[in-house]
Each structure stands twice: as structure tokens, then as C-alpha cells.
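Both complexes shown next keep chain A, but they swap its partner, so chain B is in the first and chain C is in the second.
Coming up: the complex of A and B.
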């Protein structure tokens, strides 16, 4: 585990150094060390020496594809996990980039650690945390706790079946076995069994603590509309206040806009300061898209997203 | 005179208050997620987290607030005022950073030139019961922003958690009104010295080294600095830091009109949103995230000190804790005091 991580990190640095030395890219977007335990931060490296700041561990949770909109006029190298790469493929299909504008340094992902669950599992503030073998060692003022890494993974990572980026320009580690740790979307399956009233009540309760910071929207690489429907004042689709219907409306539309476009990375849920389980929606949509159209986002760089195309074999039971 | 409240009496004490006051306190909405809100039952009060996600400013300046309602009553047009606060209120359990932040929003809403009636009415009818911060987090830097985990200024009553009881200090006229409260007992010297020990320990725990002092002067020279070009890079432009900030106070006014009437509301707004500075013509003087990030830092650490004599930051650390991409305002402040900004092409953004 340890050696593998270190090897990947070294390869990322090597690749970045080389790309920057021969000026094949203007910058590399990757992960760097940061001030808080259980976290890393996106960094932007512009010269070969800076490449040594790039790191790789189980806390590289952001989907870096979201930054590509910011650097649309540059040649960019991206450190991409399976999900980041899928988002990039989906964005390419939507013609967000010119061919050859991007260089994907693909990392077969070991699945990321859910920092909130780690925090909740210990008493007191975690001041230092690191990985050791298959453990996470969390230390505070008066405690040292060892936790089994695989028990603290993000839900979206547990069910992931595309950890190795398929469309990367280079892979900096051996491909990993693509078997999920949990049955695909177990929460969704459980949730589907509930009555419609119960499901609605749950959704109402969860969405009602939304503070409309739009962190879910901004963290998502697929949310790039020039004007989001919530920001439009003419026509005004939605009020800016906190009535239940406005909050619910926002979350329903945001999720539906992702149908056939979501890579299931979970960035929206991780970004939410109020810990609203947003991936319930997107997982369900991904599952439906798979069942109805046999489509998974960002796997086939030629296949257009099902909701923007038509095929004669599309299921049509809804036409009565 | 120092008093105490036994923890076993806390529920009855709060219940008793609720007979007379609207009580606002930290409430848990989900595991690890809490806010200040009006409570219906003392059991809802949750003092387990040092600071709820949303700051106590919400008690005086709600995220969404109706300014008035309008409509038709028979053939007459009608306007209904919503300014008045009917019951006296208590804010219970706010930490010193959030209370210090109230003195900052006071400068804006109760300033010399303009008084905001909605804020004023809530402010003057509210008694603040502060709760000492006995366990500052590693992200806390209130000692760098002329605050502190035991800062009493702004509280009418001040509680310190002693384990089995709270030490109670009555600090203002509003606080002295509680002198005869039937749940308060006299504290003994042992309890008083216990509290002093907790205070001493807490004071050592917060970071006093963040160079907030003099930052306005430093920023004066940095308006066009390439610093901003690097600083903003990782910001994704959400509003978490501004909405969860106890001192951010910008709002936007909207009419919500239905067929037979409607209401005028004001909602929190954020300088990190492109809409914030969008003009009717379509021109946006802060066209990119660079200018917006600069506005956030400049307003807090340059414009505000110029107008009101202190930085609009109380060091609560929420923006550090909840930022989806881990922007750390302490680093930004530190960098402004770096002797030479290393901004040659090649330095990555976390190290300008």
C-alpha cells in the first residue's frame, strides 16, 4: 500500500516535470500538501521544480476537472483519478476543450477517505493524520487512534467500478481491479424500497438545511452553464429565499441536469458544508441511465450522452 | 459576584427562560451539522460542538428576512410591516468569536449615518448569554483578531463549563436582571479557580501569530499585485466562506410577487458570486474570480479597517474548516506580510 502510493507520487512528479520541461503544457493541476489533517488542496504547478509539491494519498478528494473551465485557454496537464477522467471525457463530448488541449496523468485510484466519517469516529480534534499500510492513524491532543482505511471510504468510492482512468495519456500506476467494495448503490436500493411519502419526507428534511451556497454546483465539473437557472432574474424560475419548495426545486433540477453526465465522483456531497447526502439523487439517476440506456458517463469517448441523442432501440414504454 | 448553574438544572433554567423569551441556541440538524435557531424545547439545545456551521449572526440578521408584505385587502392596497419584534429574545450558548462578530455587524447596521431597523429591533430586544470557549480548535485564531476564547465583551451573561456546572458571570445591566434567577447559586472559590484554570489553558490554545495587525496598510500597496492572480486559482467561487462567516453582512433585496400580493425579502449575498457585482447593462466590474477573491480579502482587511478601525474577521476558522477546496485565510494573511512575494512563473499557488 505504502510503496504503491509513494511510487505513484514519484511517477506523477516525473511526468509533471517532463511535461513542464518540454513545455508540452502551461500548467499541471494536481494535489498538494495543506494545513489541515485528512486533507490536500488543489495546486497549480507552472515550472519543473514546482512538480515536487505534487502529492498522492487517500485524501485527494477533489474532482480537478472542475478547474478546466477556469483554464480553458491553456494547455493543461491534470492529475486524474478514474472519476476525474470520466468527467473530462464527458466534458470533451460536450466540446468544452480543443483536441490535444489536455494531458491526463491518469492515476489508478485506491479510493478516497471520507474525512468527516473519520472525524466522527474519534473523540476530540484530530491534529495529525497519516496513512500506514491499510490503517489511518489519527492523532489528537490526548489520543492516537488507528482506523481501518477501508471502513472509512466515501460512499461514492465504495461503489466505484471505474477506478482506473481509461482515457488517460499516461497511467502512473498499474491498473486496479475494478470490483466495487459494496454492491452498486446499496443506499439507493434501500431507499427505493421506502414508500413515496417516506422518500419525499426524507428529501424534504435533508434539502431543507441547504444554505444555497451552491458549493455543490461549483464543485461539479459538469455545472458550467453561463447562467444557472437559479441565477436568472428574467425569467425568474425560482425565488432566492428559503421556502421548502425553492430549496427542493433547486436540488431536483440540479440533479436532473446531471442525468447521463454525472461521473458519480461525489464532489457535490463532499463540498456541502451542511452534509446533505446529494449523491442519493445522482446515484439513482446514474443507475436509471444505465438500466434504460446501457450508458455510463465518461467511459466511451465516442458515445454521446443518452439524453442528447436518439437511437431506435431506446426504450419507449412511456409512449402509450 | 460569581454565580453558578448546576447542569442538572440547565433544562429547567432554559424552560423557565422560554416562558418569557424567545430562546435561540445551537441545535443539531444532523450528525455534526448544527445552526442557531429558535428552540421549542430545551432538549434541542446542543452544546457539544464548539461552533455550529452557521454563525450566530443569523439571530440578528437572518439569511432570508421579510421586510414587509403587500397585497390587497378588499379594494384597498395593503402593506404589512414585519419590523417589530414582539417578544424579548435570548441568544444562548454563542461563543466569544460569534459575539465579537456581532459588535462588527453593529458597526454596519447601527452606524452613525444609518440604522437598520430590522437589525436594531432584534438586537435591542436580545440578551446574549455567551459560552466560554474552553477548547479552541487548531483552526481558531481569535487571539490574532483582538478576540479570545474567553472574551466577555458583548455578552450580557457569560457561562464557563466546569463539568458538573456552569460558572455564571453577570456582565451588564441586562445581565444583572438575572441576579435573582432561582436556578443560580453562589459559586465557591474552588469553582472560581477551576474556571480560571480552564481560561488560562484555553488562552494558550488559540493561534495569536496570524499577522492581522497592520494588514490594511500592507493591502494598500497590493491592489494590483499579481498575488491575487495566484491566490484565487483554487477558489471555485461558491459562497461557503461568506455565508458561514460571522462578520459577512452583504445582502440582496428581492420582491417575491404572487398573484394577489407578495413580500419584499432580503437574502444574504456573497461577493464571490458573479451576480453580486453584475450591472444592469450586463457589464461586470469584477468579471473573474480573481477580482471577487480580492474583494473578499480587501473588504475584510482593508476597507473595513479604514471605515471602522478593525478587521472584519474574528478568527473563528469556519471558512478554513468548510471550504470545499481548502482555501486557508490564515495563509492568505500570512502571504500579505511576506517580505517579497515570490510570484515568478513556476511557483505553485499555495506558495506565492
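Coming up: the complex of A and C.
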């Protein structure tokens, strides 16, 4: 495990160095060390020497596709996990980039560790954390806890079915074994079994904790509109303030706008300071899009986004 | 709901009708003197593909009890493919709303052609019956003073309180 991680990190640096010294790209977006434990930060490397700051571990949780919108006039290399790569494919379908503008350094992902669950599992404040084999070692002022890495994975990572990037220019590491599709979205299946009353109650409760910071929107690579519907003043779709209905409105539409575009990376959920389980919306939409239109985001770089196309034989039993 | 029936509550239903088929169908129902419930308020849209889910949600938020979206039959769209695109949007939206806990039948969809005045009245009849059975919309309707169960300061979720 440890060797594999190290090998991937070295390969990322090598690739980055080569690309930057050849001037094949203007910058590389990857992950770098950060001051807080259990976290990494996205870094933007512009010269070959900087490539040594690139790292790879179980805390590289951000979806780096989000940052591509800021570099639309550059040639960019991206360190891409399975989900990042799928988001990038989805964005390319929406003509966000010119062909050959991007270079994907694909990393077969070992699934990322949920920092919040680690924090909850230990007593006291974690001051330093690192990985050793398949253990996470969290250290604080007067404790040192060893935790099994695989017990603390992100929910979105646990159900991930495409961890190896499909469209990468180069893969740094051997492809990982993908879990079968039958296991995808177990939470959605569970939730669907609840009564309508309970489902509404849960939705109301969760969405009303929202503080409207829009971190979910900012973290999402697919939310790139210059004016979001929540910011529009004419027509004014939702008001300022914390009316229950407005919060629900925001969450329904934010999720709905991801239909057929969401790669299921879970960046929204990880960004949420109130820990609203946002993937329970998007996973349902992913499941429906798969069921209704047989489409999975980011797998086929030729298939048009499902809601911008149609088949004459689409299901319509719900229409009178 | 019992109260609603006693007080002669009548549902308010918003109908988005496409200009080329369903609106003309409604027109035909009118000129043919076909009776249908007066509960619908019609908004004419260029095409059923023009319906943005925002419209439907805004209607429900404003206190509308039911929404009907009606367009041309598949293959008859004035813009060739608008209703097919609309159909995909409707299918995902309907499933999504019901998943979240909206009552089944609050939002309904139909195909009505310009020649189907009879079908139009029948659809409106059915939709009105369905909504009457569901009762007045309570979920999602905007109430200024209502902050919801999970909101900050609500007793049900004290862990999110600021000290």
C-alpha cells in the first residue's frame, strides 16, 4: 500500500516535470501538502522545480476539475482521479475546453479518507496525521491512535464504480479493480423504501440546516454558470433569507441541474460545513439517468448529455 | 384534509400548455362547449420543452396545489424535438420530486393535440380529481414565519446552535 502510494507520487512528479520542462503545458493542477492534518490543498505548478511539491495520499479529496474554469486560456495538466476525469469528460461534452487543451495525468484512485469521521473517531484534537500501510495514524497532544484506513472512506468513494480514469493521457499506476454496478447507490435504494412522509421529513430536516454558503456550488466542477439561478434578481427565483421553502428550492434545483452531469465525486458533500448529505440527491439522479436513459456521466466521451438529447422510444408511462 | 372538504376548498391548478397543440386543444374544448372543472389557470408556453423545472417549483412554492404540463404528442412537435427533450426533463423531475417526498400526482404531464378537445377536458377532470384527493398543498409552500425542523434555533436540532 505504502509503496504503491509512493510509486504513484513519484510518477506524478516525473510526469509533471517532463510536461513542464517540455512546455507541453502551462501549468499542472495537483495536490500539495497543507498545514492542517488530514487535508491536502490544490496547488498550481508552473515550473519543473515546483513539481516536487506534488503529493499523493488518501486525503486528496478535492475535485480538481473545478479549477479548470479559471484557466480556460491555458494548456493545463491535471492530476485526475477517476471522478475528476469523469467530470472533465462531462465538461468537455459541454464544450468547456478546446480539444488538446488538457493533459490528464490519470491516477487509479485508492479511495479517499473521510476526515470528519476520523476526527469523530478520536478523542481530542488531531495535530498531526499520516498514513502507514493501511493504517491512519492520528496524533494529538496526549494520544496516538491507529485507525484502519478502509473503515473511514468517504461514502461517495465507497460506492464508486469507476476509480481508474478512463480518458487519461497517461496512467500513473496499475488500474484498480472496479466494484460491480449492482452495489452502486445502496443508500438511495434504502431511502426509497421509506414512506413518503418520512422521506419528506428527512429532506425538510436536512435541507433546512443549510446556511446558504453555497460551498457545494463552488466545490462542484459542473456548477460554472456565470449567474446562478439563486443570484438572479429578475426573475427572482428565491428570496434572501432562511425560509424553509427557499432552502428546499435551492437544494432541489441545485441537484436537478446535475442530472446526467454529476460524476458522483461527492465534492459538494465534503464542502458542506453543515454536513448535509448532498449526495443523496445527486446519486438518485445518477441512478435515474442510468435507469431511464442508460447513461453514465463521463464514461463515453462521445455520448451527448442525456437531457440535451432524446430517443423516440423514451419511457412515457407517466404521461397521460 | 377533512376540513378542506367541509370548507368547500377547491384546488388551484396551474396548467402549462404548449402553444401549438394543448392550448389549441383547450381552445377547441371551449368552442365545442365541453365542460371541464374551472380549477385550472392556464399559462401558454411556446413548447413543452420550454418548461424549466424552476417554473414548476416556483408554482408549488407560491401555493399552487397542482401543476399540469401538457404538450404535443411525440412526433407532432412544432419544433420537431421540443417535446422529446421536455419528456426527458419531466421524467427525471417527476421521479426526483417523488423521491424527496412530494406527493405523487402534484405534478402531472399529458399529451393533448389540437384536435383533442375531449381529451383535454378529460385530462383536466382527472388531474382535478387527483389533486382534490391529495388535499391542499402543505409541503414546500412558502410561509414567511416557517423555518423548518432542521433550521438553526429549532429545538429539534440543537447541535447546530451557535453558543
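FYI, the second predicted complex is superposed on the first by the 316 of 320 C-alpha atoms of A that agree within 3 Å, B and C clash if a C-alpha of one lies under 4 Å from a C-alpha of the other, contacts with A are read in each partner's own complex, and residues count from 1 in each chain.
As a working rule, a contact is a pair of C-beta atoms (placed from the backbone, for glycine too) under 8 Å apart; a residue touches a chain by one contact, two chains touch by 3 or more.
Worth saying up front: this structure is predicted, and the values here are computed from it rather than measured.
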Partner chain(s) touched by A:259 [first = chain B, second = chain C, both, neither]: second
Partner chain(s) touched by A:156 [first = chain B, second = chain C, both, neither]: neither
Contacts of A:53 with chain B and chain C, given as first, second, both or neither: first
Contacts of A:231 with chain B and chain C, given as first, second, both or neither: first
Partner chain in contact with A:63 - chain B first, chain C second, else both or neither: neither
Which of chain B and chain C A:274 touches, first, second, both or neither: both
Which superposed partner A:40 touches (first chain B, second chain C, both, neither): first
Partner chain in contact with A:209 - chain B first, chain C second, else both or neither: both
Which of chain B and chain C A:306 touches, first, second, both or neither: second
Common interface residues of chain A - those touching chain B in one complex and chain C in the other: 206, 209, 211, 242, 274
Partner chain A, residues of chain C touching it in the complex: 53-54, 57-58, 61, 74-75, 81, 84-85, 87-104, 108-111, 123, 126-127, 139-144, 146-152, 154, 156-157, 160
Interface residues, chain A side, partner chain C - complex: 188, 191-192, 196-209, 211, 229, 237, 242-249, 252-253, 255-256, 259-260, 274, 281, 284-285, 288-289, 292-293, 306-312, 314-316, 318-320
Of chain A, residues touching chain B in the complex: 32-36, 39-50, 53, 62, 66-67, 70, 116, 119-120, 125, 127, 206, 209, 211-215, 217-219, 231, 239-242, 267, 270-271, 273-275
Contact set on chain B toward chain A in their complex: 29-33, 35, 53-54, 63-64, 135, 137-139, 230, 233-234, 236-240, 243-244, 252, 254, 256, 265, 267, 270, 273-275, 289, 320-322, 324-328, 330-331, 345-351
